[in-house]
Amino acid sequence: MNLGRVVGTVVATRKENSLDGLRFMLVRHLDEKGKETGGQVVAVDAVGSGVGEVVLVATGSSARQTQVTDKKPCDAVIMAIVDSWDVGGKDAYRKSDDD
Amino acid sequence: MNLGRVVGTVVATRKENSLDGLRFMLVRHLDEKGKETGGQVVAVDAVGSGVGEVVLVATGSSARQTQVTDKKPCDAVIMAIVDSWDVGGKDAYRKSDDD
Amino acid sequence: MNLGRVVGTVVATRKENSLDGLRFMLVRHLDEKGKETGGQVVAVDAVGSGVGEVVLVATGSSARQTQVTDKKPCDAVIMAIVDSWDVGGKDAYRKSDDD
Amino acid sequence: MNLGRVVGTVVATRKENSLDGLRFMLVRHLDEKGKETGGQVVAVDAVGSGVGEVVLVATGSSARQTQVTDKKPCDAVIMAIVDSWDVGGKDAYRKSDDD
Amino acid sequence: MNLGRVVGTVVATRKENSLDGLRFMLVRHLDEKGKETGGQVVAVDAVGSGVGEVVLVATGSSARQTQVTDKKPCDAVIMAIVDSWDVGGKDAYRKSDDD
């Protein structure tokens, strides 16, 4: 999985039928310090995430292993909202500091 | 999924039989501001997209989860046409401005 | 899929049994103008392609969705030979000019 | 698989239900000399690894081929803890030197 | 598939049970001239390869399509030992010159 921050939403009226009702989120990748790396992905939201939240994104066939994405043409899914992580025993990110 | 802009079409007469009748589109990747990143992919069109449109492309096995690509040697599919997206609450792209 | 040009063949006598009889082609990736990007892949030929031809390569599990690659340890397949493509309505590549 | 070093843990209370009880580890990629490459991944732990250990990470659908990750939206798993490796017949890494 | 050279072996005593008995090889990627590109992967050996040999590596789900890797958390497999390849009709690599 990659760490990322939700920065916006993507609207697409015309799409494969099976995708109706899904939310497409624009997610910017984060490094281990919580800084944006320059990369991004559009991921389907499976956990009720919102703009500004730090999340985990699973890609590939694993992105279809949620209730909302099963058997759909979706290659990236937000499957967790991150509360915190540490590096070398020290807090690198904690939700209350940041969001 | 990746954001991209359809810039052209690819013609291939000789191909695996299962691919007959599919449309192959040349798609340039876009960043969160809608600028080309330099990357590209050839994707099968599943939603009636045309040159100039901004689209979402799903890759890998997820590219086979549409009616037109099921069980075919296709690793990238256009599964949505993008109307708009926002970053930090502001419009980053809107179809009527651009296409 | 990626655009590529077949530049050579790879010979491998000792291999997983299921791969006997397959042709392994060395393919250099091309950009939207038909220039080599520096990347490459070894792909199994499923369409009778030859050295010098411009082709489409599908990767990942989609590379196993041809008659010759089904259920084999193959992660890249040439599934189409490209006749032409255009960018912005102008020819970017046409087979007769080039090969 | 990639070589990596576990540098921390990621906490995510709100997540896809099937992921409850899994441990998410922040893993920094290592090159053949054991130096960090700058890349990273968040991987589920399947082997009881801890911070500081050098591990192997499998990605994609293969990340779901363990008892703890089966059928879950997980695209990276720690499936082995590395004791040592050699390059050209000489030790490049050995656990007792380092951890 | 990628061209690579086996440069060493990785020892991992503690691992997912299904991986017992497999050999993990450190493989450095090669370009079309046979020079190392800087990239690497740890791959399971399915064909009896040894250090110094030039090989083909298949990744992703295709890495599980061999007898030794079936249904295992393995995302890269050595499925062929390369004898030679040519570029533009000239030998680029031949085993007897090199190994």
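Some points to look at:
Order of writing sets the labels: A, B, C, D and E. Residues in every chain begin at 1.
Here is the rule we use: contacts are C-beta pairs under 8 Å (C-beta built on N, C-alpha and C of every residue); 3 or more make two chains touch, one makes a residue touch a chain.
Please read all numbers here as calculations on a predicted model, not as lab measurements.
Taking only C-alpha atoms, you rotate chain D by 70 degrees to land it on chain E; that is to the nearest 5. Note: centroid distance chain B to chain C, computed from Cα atoms, is 20 Å. One inter-chain figure worth recording: chain B and chain D are separated by 33 Å, centre to centre, where each centre is the mean of the chain's CA atoms. Residue positions 59-61, 63-64 of chain B each touch two or more of the other chains.
The ring of touching chains, read from chain A in the direction of chain B, comes out as A, B, C, E, D.
Only residues 1-3, 31-32, 46-48, 56, 58-67, 69, 77, 79-89, 92 of chain B touch chain A when the two sit together in their complex. Within the complex, the chain B residues that touch chain C are 7-16, 18-19, 24, 26, 28, 40-43, 51, 59-61, 63-64, 71-76.
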